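First subunit A sits with subunit B, and in the next complex the same chain sits with subunit C.
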Partner chain A sequence: MASKKKKSAGQAIGGFFKAIGGFFAEFGKAVAKGDFFTKLSLIWMGAGYARRKQYIKAIIMTVLEAAVIWFTVAFSTRYVPKFGTLGTVKAEMIFDPVTMKNIMNDYDHSFKILLYSLICFVVWFTFFIIWIKNVTNAYKLQLKAQNGEHINTFIEDVKTYKDEKFHITLLTLPVLGIVIFTVIPILLLILVAFTNYDQNHMPPTELFTWVGFDNFARLFGGGGLSSTFGYTFVRVLGWTLVWAFFSTLTTYIGGILLSLLINNRRTKLPKLWRTLFVVTIAVPQFVSLLLVRNFFANGGIVNTFCEAIGLTGWLNDIGLISTSYIPFLSAPGWAHVMIIIINIWIGVPYQMLIATGVLMNLPADQIESARIDGAKPRQIFAKITMPYMLFITGPTLVTDFVKNINNFNVIYLLTEGVYTTTNQALANSQAKEVDLLVTWLFRLTQDYYNYKMASVIGIMVFIICSVFTLVAFNRMIKGDREETFQ
Partner chain B sequence: MKSKGLKTFFHNLLLAVLAFIWIIPIAWLLFTSFSSYDGINTSSFFPKEWSIKHYVQLFQPDTVAQFPRWFLNTFVIACFSCVISTMFTLMVAYATSVMRFKMRKPLMNVAVILNLFPGMLSMIAVYFVLKMFNLTNNHLGLILVYSASSGLGYLIAKGFFDTVPRALCEAAKIDGCSESKIFFKMIIPLSRPIIVYTVISSFLAPWMDFVYAKIILNAGISSQYTVSIGLYRMLDKSLINSYFTLFCAGGILISIPISILFMLMQKFYVEGVTGGAVKG
Partner chain C sequence: MKFKKVLALGLVGAMTLSLAACGKSSSGSNNAGTGSSDETNASGETISLVLWGAEEDQTLLTELVEKFEATYSDQKFDIQIGVESESTAKDTILTDIEAAADVFAFSSDQINDLYAAGALADIESMESALTTYAGKTFDDVKNANGAGAVEAASIDDKLYAFPMVGGNGYYLIYDSSVLSEEDVASWDSLLAAADTAGKKVGMTLASGWYSAGFFYGAGFSTSLSDDGKQTVCDFNGTSADGYTGVQVTQGMLDIAGNNAFMAIADGDGSNQLASGQLCALVTGTWDTANGKNIWGEENFAATKLPTFTCNGEQVQMGSVDSYKFIGVNAYSENVGWATLLAEFLTNEESQAERYAQRSLIPTNTAVASSEDVASDVTVAAIAAQSDYAVAQFVTGNYWDPMKTFGEMIAQGTLSADDEAGIQDALDTMVEGVTAISE
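Let's turn to the complex of A and B:
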């Protein structure tokens, strides 16, 4: 298994480099063997098309080239040269002798430099690919012309985008959206992880700069006595993993049990029961979780009830609590357990739905033949139903685990503003015992503007998630299986 | 025979008990919304005095609670992002499922990697990008946030398209159909369950979401809010004692349409997802 995985991963990487190699080889051949106009396309991108009378394409390419050059001259030169330092001129008021007033100087905005430089890099990278592609295309046209083949008119070219190049038409906009709203932000924050962008270095009044791996060192316990990030990171990571493990396992098992219970032939009105359970997840989480949080508040209704039946007093007597209420969501230990229990409430109906779907698609012929062969219901369950269920839903365990590592809603809505930590070390790093890495990250940015550490934590979350996914990678990505049932 | 009847009875009793536990908080939400008292009732499960005045109050906006306005905001945002996300998702799903081209596998691998980054992380940077273009505290910005990256969520729709027999597409191609014609005239009509699922789920996202709206609409202008942050604000420590019941009433009103859509969606979800998975 391990060797097989290695091989396929190696193949994937090898294939990737092969593709890149092929891409450049084609380009080299085009440059070496191209005629004058193909070579001219290196400088004037429309040349190859103009020679083959594809004038509209030639104009489009020329305009594109001009636009990128204009973009580089008018825009990039203002930011990219400062990328190495992220700016040196601090914002301050200076006296302007012309207007006799104090005005802002021409200062550097570190964040703008970072962001706009990054945008320039992405634009240049894209343009570079187009540029190479353009030369190879010009060469292809040259070959076609030499062999006397038909050269497409512009209308015919456009038509290919409805047919064999339809995928380009389909993918352009979505990919553009993903690049702008996911790729660039992720790259940006990876860069921020290597700067000292925090509350003391907030543009526009202050500058920030590159600090190398300092932030990572700080997260792993470096930075002297004043730094508690190392301790906090271990604590928060520990709880994140414990939470992800228990929340995934409890909802998975609970969901399967519940679906078996509901889909049992003894059940009267299965549809009614299913609906009742689904109602709890159909209510938006920000309503249901905020409600539950008040339900279990220190002075809330559950506490009133527990006091009335004497539970609070009894817990006091055996020393589990020292307050006059049960601190369901406000003390460590209690809060941890409650969060997992409340998550069962939210998560089990989801799993129940999925498990029900699988149960309904059980291979009926197998069960039938097993029954004819005299298998008891219990045997059928243990030998057919369960293995089948595990086979189908097993991979979702991994995705659910990753999802739970990033389960912001449950933790934030249940504990924000309710839970206050008494652990000074955690408080110094703006964390709490019940925080997941993502809620910690969120608080660091939204309330404390500590972007550098938040970015480092984000990268750590990514690494953890990828390790877990990579372990299950070959099973989950059905890339090789997808065509077997088409 | 008798023991069998008893077994059935206990079986259903167990279900009833479980369902009861599951439904208690929702029932509390419903009952509290009919209370005449403004703050939290902590002493009894049922309200002392019943009244519908908070439902009436929802439609008489004040400076804090502007429920009709929030509802309209969320509805507009949901409609736009639903159209864009559905298009993007189906486009990517079709291209990766039915068509074969050189960059297909690499693109899918990149999508897997991108999906592993916590959404929160990119959202913080998206906030800055939007701020540079003056799109924070702006509904257009929020629509973009909900829909621009929706192409990454193509896997479920792709799983469905994968089950459409390839022979069908091949036959159409031999008959001279272009890819775009196959997409619009064949695949789309065949894929009703997954389209309904995608439409409903992308329409629901802005109603269910809370974090992204909180990050983007951070100026505290109540008339701009979506329902989720509006209701969240009502439970602020300084407001909770005068707005808790109103929160419950708003929560019930918003839950009714969402629940109906959700029920519809889960039917198609089970049809579209497990149907495809099981055949594999």
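Let's turn to the complex of A and C:
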């Protein structure tokens, strides 16, 4: 199993293209060598099946083909031809006092055109694959018939989906879900990044259209956008990466230390402690983070306490703060550190649970022999526990990092409405020092309807995350490290 | 048909699933915006309308809608009332105009964005319907309401929404057991008196709504460019009254630097009021009940905003005239009846009913001059301040730079002696404010 996994990325990509090539080669062979009915399958998809007496399949394919043709004629023709311009007719209305209604012209809705065209493309692409597959299947049936092999009845075919093709049965629903809820929105997001869809071009009243790579040029300083957008992007990206690094690192280390502590022989009532920490997971973050935000507000309970014990005055004296309160969540620096610290409390329980699971499965023989050899607990931790831990939890570390890049909840709930930037350059681009790319993007879409720039930022986040994940996973799985622990 | 929702899913949802919980789903509606509607209005047809109003107004709206249905009893109606706060109406409507309510209440600061997105119906084009059914012309509507409200509800001298509630701006409320009428005349005497009493005076500086009052008072202005895509703002120059932006900023810094001044985060006024440290607060009608609770009914007082020191002179602080309007969705299927409903909800009787039930100050001059309303202490303060209040026309790009500028003053990042630094900050702020919206 290990050797199979050790394919390099290059081989994987090569293999992918080879598979596509094979797919089309098979199709070419089927068309070239197929008999009349196989060739007829090119036009009437049920032909091949009907000839081999698989009538139900033939009907299904015919109905599918008819449905797609009907879909194309009745639905696609209304949107796809306008895809090139995203519409040209603006909405106009005249009030008719007799009917008490507005008489509307047949106006174009750019967003509908974009979305429905995209759906059409996805449907057609899927249909194209099925169409090719159908012809190769017809050819396979033809070969079987020529060789006198048994041809499955419909019932038998259905049964195979319960047995040897069970993986297809299982995967259909998840794949469908991914296509509808992930692939189409992401494709849509990518398309919007190449349009001028913003506050001045909002359907249904206004139209938007294609602008090529303009928005990407703007992000990096070109174009007429507010002059600080590029500056803001770099600043926000910087904090996003710093945050992702520290929040991942602190919760990871904290989680391991906590679970070691709880699992220590001398710790009494380990189950109680573990339960207590898990409680923080059970309370919704909405509640706990908003509470914490209020605790640390400028006029909050922590500030009142600090003032009472003289901490605020002392900080004032040594010049760390210039305000009559400690700006826990309202000044740069302070807020950055506080957010990471508060996140430890939110994130550690998860890591603790993972670490506990791993620690319980430590190779006992190795630890035993190390102990016999006279290794100290610290050496055991550094040489056995930690490497083992890192190996097992490496992949989750990577996903945690990516998750933290997009950790909307913690940042938004802790700083929205509390943090006001004093950096004018950031303010001119609607950002703050504590914004992650994802919270900035949220504000751009939610408050400023700047969908095009938000899409560009979304693509950048996607690229950053996917490159990081690919590189990190590739590094981690590379080499013979798996055998080290077998 | 939540197309933008799909995009939002791609933008954010694809990256963070947890966000889905934040999304506010606008309630469904039955107006299909597809193509031309060439069906004729059969007399028996039921007119379906969706009306959005604030949560606190629901009972009132239900009663008013019943009255509306009774007034036009020849016509069958199916009117659904949904909850949508006036302050967030714009965000929900612009998410998908075609799925938004036919008639909706909103705050006056949203009128530009709603107009720019084409969400507001051209109600004046429906004058014939108004005349036929309600026996009114739009001139009647304009004359019935205060001039300021009509100006704020108009774009290019054309009415785009019906004025509903006035006095939504800010003024000074204070504890008359601590401060005298003379004390509250100027910021200097106000802060001195508060300091003596060991109390504080609160105001939100980090908001382009409140802090603009200093600039408007000194004769500065904001307006929209001809194409409506830009804010025109002269805060970094010299005002019509001859004051410079630097001088105004210095005046604000003097106030913010005073020991008795408390800079309040936007929306935190009520909390600070409840903490009992304040003896005066710049706020609006929404804190009336709060103030009466804290200071006692008999000690609660309200007045126009104080003067502030600018270039050695006393300058009366301005403020922003703010209202609540009722608008009609341009893409409403029954736009004519929607307009009639909107008119009905804001006519004299409805405004009187609204004041009686909700104590919301009417824009209708007849109702406003009635004895009940005129004797209201907050109404007197609003009337006194209204001479110095201006209608604020700005684009979305105005708010963040102004908020940051106010925060810089509140935190003392700027120094009153550093005129070049203040000018720099003003220039940067105006650059952000006047950026072309997109």
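Convention: the second predicted complex is superposed on the first by the 445 of 486 C-alpha atoms of A that agree within 3 Å, B and C clash if a C-alpha of one lies under 4 Å from a C-alpha of the other, contacts with A are read in each partner's own complex, and residues count from 1 in each chain.
In this text, a contact is a pair of C-beta atoms (placed from the backbone, for glycine too) under 8 Å apart; a residue touches a chain by one contact, two chains touch by 3 or more.
This one's a predicted model, so the numbers in the text were calculated from it and none came from an experiment.
Asks: Classify the contacts of A:Thr77 with the two partner chains as first (subunit B alone), second (subunit C alone), both, or neither.
Replies: Once the two structures are laid over each other on A, A:Thr77 reaches no partner at all.
Asks: Just to be sure I read the superposition right, which of the two partners does A:Thr88 touch: subunit B = first, subunit C = second, or both, or neither?
Replies: After superposing on A, A:Thr88 lies clear of both subunit B and subunit C.
Asks: Taking the superposition on A as described, I'd like to know which of subunit B and subunit C A:Lys112 touches: first, second, both or neither.
Replies: Both subunit B and subunit C are touched by A:Lys112.
Asks: Report for A:Ile301: first if it touches subunit B alone, second if subunit C alone, otherwise both or neither.
Replies: first
Asks: Contact-wise, after the overlay, does A:Gly458 reach subunit B, subunit C, both or neither (first, second, both, neither)?
Replies: Both partners.
Asks: Considering only the touch criterion stated at the top, classify A:Thr153 as touching first (subunit B), second (subunit C), both, or neither.
Replies: After superposition on chain A, A:Thr153 lies in contact with neither partner.
Asks: Using the superposition on chain A described above, determine whether A:Thr99 touches subunit B (first), subunit C (second), both, or neither.
Replies: So A:Thr99 only meets subunit C here.
Asks: Contact-wise, after the overlay, does A:Ser322 reach subunit B, subunit C, both or neither (first, second, both, neither)?
Replies: second
Asks: Quick one: name whichever of subunit B and subunit C touches more residues of subunit A.
Replies: B
Asks: Applying the document's definition of touch, where does A:Ile392 land relative to subunit B and subunit C: first, second, both, or neither?
Replies: first
Asks: Please write out, lowest number first, the residues of subunit A touched by both subunit B and subunit C across the two complexes.
Replies: 111-112, 115, 181-182, 184-186, 188-189, 192, 285-286, 299, 406, 408-409, 417, 438, 441-442, 445-446, 451, 454-455, 458, 461-462
Asks: Which positions of subunit A touch subunit C when the two form their complex?
Replies: Where subunit A meets subunit C, its residues are 91, 93-95, 97-107, 109, 111-112, 115, 181-182, 184-189, 192, 196, 198-200, 202, 204-206, 224-228, 285-286, 298-299, 322-323, 331, 406-409, 417-418, 420-428, 430, 438, 441-442, 445-452, 454-455, 458, 461-462.
Asks: Of all residues in subunit C, which touch subunit A in the complex?
Replies: 3-4, 6-16, 18-19, 21, 33, 35-41, 47, 91, 94, 97-98, 113, 116-119, 121-122, 125-126, 128-129, 132, 206, 229, 265-268, 271-272, 275, 330-337, 396-397, 400-401, 403-405, 407-408, 411-413, 425, 428-429, 431-432, 435-438
Asks: Where on subunit A does subunit B make contact in their complex?
Replies: It comes out as residues 12, 15-16, 19, 111-112, 115, 162-164, 166-167, 169-171, 173-175, 177-178, 180-186, 188-189, 192, 258, 261-262, 264, 266-268, 273, 275-288, 290-292, 294-295, 297, 299-301, 303-304, 345, 349, 353-354, 356-358, 360-361, 392, 402, 406, 408-409, 412-413, 417, 438, 441-442, 445-446, 451, 454-455, 458, 461-462, 465-466, 469, 477-479, 481-486.
Asks: Which subunit B residues qualify as touching subunit A in the complex?
Replies: Result: residues 7-8, 11-12, 14-15, 18-19, 22-23, 25-26, 28-29, 40-45, 88, 91-92, 94-95, 97, 99, 101-102, 104-109, 112-114, 116-126, 128-129, 132, 144-145, 147-152, 162-166, 178-180, 183, 207-208, 210-211, 215, 228, 231-232, 235, 237, 240, 244, 247-248, 251, 254-255, 258-259, 262-263, 266, 269-270, 273-275, 277-280 of subunit B touch subunit A.
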